[in-house]
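The structure follows.
The letters A, B and C name the chains in turn, as written, and every chain counts its residues from 1.
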Amino acid sequence: MNNIKELFNRVKESKPLIHHITNTVTINDCANVTLAIGGSPVMATETNEMEEMIQLADALVINFGTIHEQVFESMIRAGGAANRKGIPVIFDPVGVGATSFRTSKSQILLDQVKMDIIRGNVSELHALIGGSSQTKGVDAGEVSVSPIEIANRAAVKYKCSIGISGKEDVISDGKRTFILQNGDEILTKITGTGCMSGSIIASFAAVSEDPLNATMVGMSVMSIAGQRAKQHLKLNEGLGTFKAKLIDEIDLMNAETFNLEVRIHEY
Amino acid sequence: MNNIKELFNRVKESKPLIHHITNTVTINDCANVTLAIGGSPVMATETNEMEEMIQLADALVINFGTIHEQVFESMIRAGGAANRKGIPVIFDPVGVGATSFRTSKSQILLDQVKMDIIRGNVSELHALIGGSSQTKGVDAGEVSVSPIEIANRAAVKYKCSIGISGKEDVISDGKRTFILQNGDEILTKITGTGCMSGSIIASFAAVSEDPLNATMVGMSVMSIAGQRAKQHLKLNEGLGTFKAKLIDEIDLMNAETFNLEVRIHEY
Amino acid sequence: MNNIKELFNRVKESKPLIHHITNTVTINDCANVTLAIGGSPVMATETNEMEEMIQLADALVINFGTIHEQVFESMIRAGGAANRKGIPVIFDPVGVGATSFRTSKSQILLDQVKMDIIRGNVSELHALIGGSSQTKGVDAGEVSVSPIEIANRAAVKYKCSIGISGKEDVISDGKRTFILQNGDEILTKITGTGCMSGSIIASFAAVSEDPLNATMVGMSVMSIAGQRAKQHLKLNEGLGTFKAKLIDEIDLMNAETFNLEVRIHEY
């Protein structure tokens, strides 16, 4: 990965405005990790202010967690404005494949809005390339195709960078594919670590020209922070304290820690 | 209570999918306690995907916290689908009795959806059996009837298990009534401990055939976790740390701890 | 400031019901700080129950964070009912000036509802007196007029008390103006400290006849709690732990601590 130190510094210095149209479950956590990494979060959803809000924004996150009809209109509106302005759009297709509502909405969105980065689990990305899977609500189900193949095909189909979270994360732009081996299972035991990594990816994408690199760095930050937060848990501490310490570690992370901990290789 | 160890293990092994249609205040905490006890939370609210989401779910939680017209439609739709599928439905009538909107919506819901468990405070349950009380918003007000009588009458009227939280919790299915003496007043000083116990009850109900037992175990888990979290508070720690430690204790609880701490007796 | 001890005690004894129509980002934190200071939060948004809910309430908080058309109707309805009942209304004009939607909605609201207190950042208050600024989403931008002048003019224009948060907070009712020098930059690194101080201000306003004093005390509580929470951070602790400790400090604060720490002077 390139220029980690510069990338971290650029976020903290320019404080990019990350506009989120996201779910009501993890919205607070997404705002707080955006601040922790150095960005500035906005979470407005009213359709009538999307164009103006995008004029202020440096990146847009669209997250399907608790999608409903009204908020979908805002996603379309904001996505179009972001494309016209030329700021990066990061899509988290939460639960796509689980219901036909989500699958059809994702197709409409992807037809109308050019994504720079799509980040999800293997079931969701599989659904986006037309595959079916035994989804389990918003968690990953079993799929018959390897995450590496799914990432490649999704990257080619949508002409963007893809991040698939899992035991090993897979990141691809259709030309190059990387495997990330950081992380810990505990990250699946609190809600929103996927959503939060979308906010971090967006913060890096807002200050660089390399969405593939922003995706790798963003997903690595979350995974490394998860490992470190777990290591700092004491006796009698569990998932509640872990969540606070996870945000601590994102806040305290710098290029030195990152470079020391990161385990990534090209496939 | 029966087979605590088996009940805990069954949740952790089968990871039941608990679909919530809940409020925007405590939605994140409900998702996180579902994960902490071993379940898998989904919190979708779009009316058009309710039937499909219920096909994936093992239990449904309906919570009136921030109910509004659109989300009420989703509750009706999801509740009907859950009844047809035969998965347990847990209803938390937040604020019923406080406004006629909530009272009338609860009547429509209870006419159309068969509940397996209703969990609320004494004012809310009193309102459900036609009584009036000095409600204080979403907190319990004074009522003239004993919680034991209210629990019994509500259980008979709605043919389901009832859990009434209070200084002592009362649990009844209209035939047997139990008094739970765990808990601590500090649980009333953070928002959402009632909502969260609904998620835990639902996780147990999803893996057993005994809703009365699931209600007792679920409410006891929350009360015992509250006691233990308070005991672990150090100097200069208050309600913010308490909330994190409460989720820690739910995460760390096992059958041994539960059986050691639980104080329940039949009335 | 007057009778701090009595003010703190009065909140804890009467547990005023603070009705919030607020955003989905910080709604949980607002409920929890209301409880931490001793109040009782309600966060209902359905238009059809606003009048009845206000009949139970002791103060109303209107916060524009994630304002959309439906919830705006509820704000108008609740604000009117609060004015008729004579309970204090606290307005947080989040993001006003950032989009014309927010600016025009704020004008409609202020035409129809008499505010007792308006609390926001300098960009938002500048927009409310007709000024423009380089807003940066929901964070404060640069303005050409001093916060003191803005506070004065807004207080005169809206006949209410004004609290402007910033490096130094400015509080004015148009006759007297105070400068508050507590606080720490870390309060800007988690989301919602402004929203939360609105809940605290409302809790004090609900039990006193002096909105200027309630604004000063409420904003001071947040700033002092922020300082103290930061001092209690240990090695390896950052923004996640800070947030929990912030609520700890609000919970643990009493008149002695407050009087020892507060740094306020009249301008």
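FYI, contacts are C-beta pairs under 8 Å (C-beta built on N, C-alpha and C of every residue); 3 or more make two chains touch, one makes a residue touch a chain.
None of these values were measured; they are calculated from a predicted model.
*Asks:* Touching both chain B and chain C: give me those chains, sorted by label.
*Replies:* Output, common partners of chain B and chain C: A.
*Asks:* Please state the rotation angle, between 0 and 180 degrees and to the nearest 5, that superposes the Cα atoms of chain A on chain B.
*Replies:* Value: 120 degrees, nearest 5.
*Asks:* Please report how many Å separate the Cα centroid of chain A from that of chain C, as a whole number.
*Replies:* Taking the average C-alpha coordinate of chain A and of chain C, the gap between them is 32 Å.
*Asks:* Would you mind listing the residues of chain B that make contact with two or more other chains?
*Replies:* Only 24, 28, 243-244 qualify.
*Asks:* If we count contacts the way the header does, which residues on chain B are in touch with chain A in the complex?
*Replies:* Contacts found on chain B: 15, 17, 19, 24, 27-28, 31-32, 35-36, 40-49, 52-53, 56-57, 70, 232, 243-252.
*Asks:* So in the complex, which bits of chain C are touching chain A?
*Replies:* Residues of chain C touching chain A: 23-26, 28-29, 65-69, 95, 98-102, 135-139, 189-192, 236-241, 243-244.
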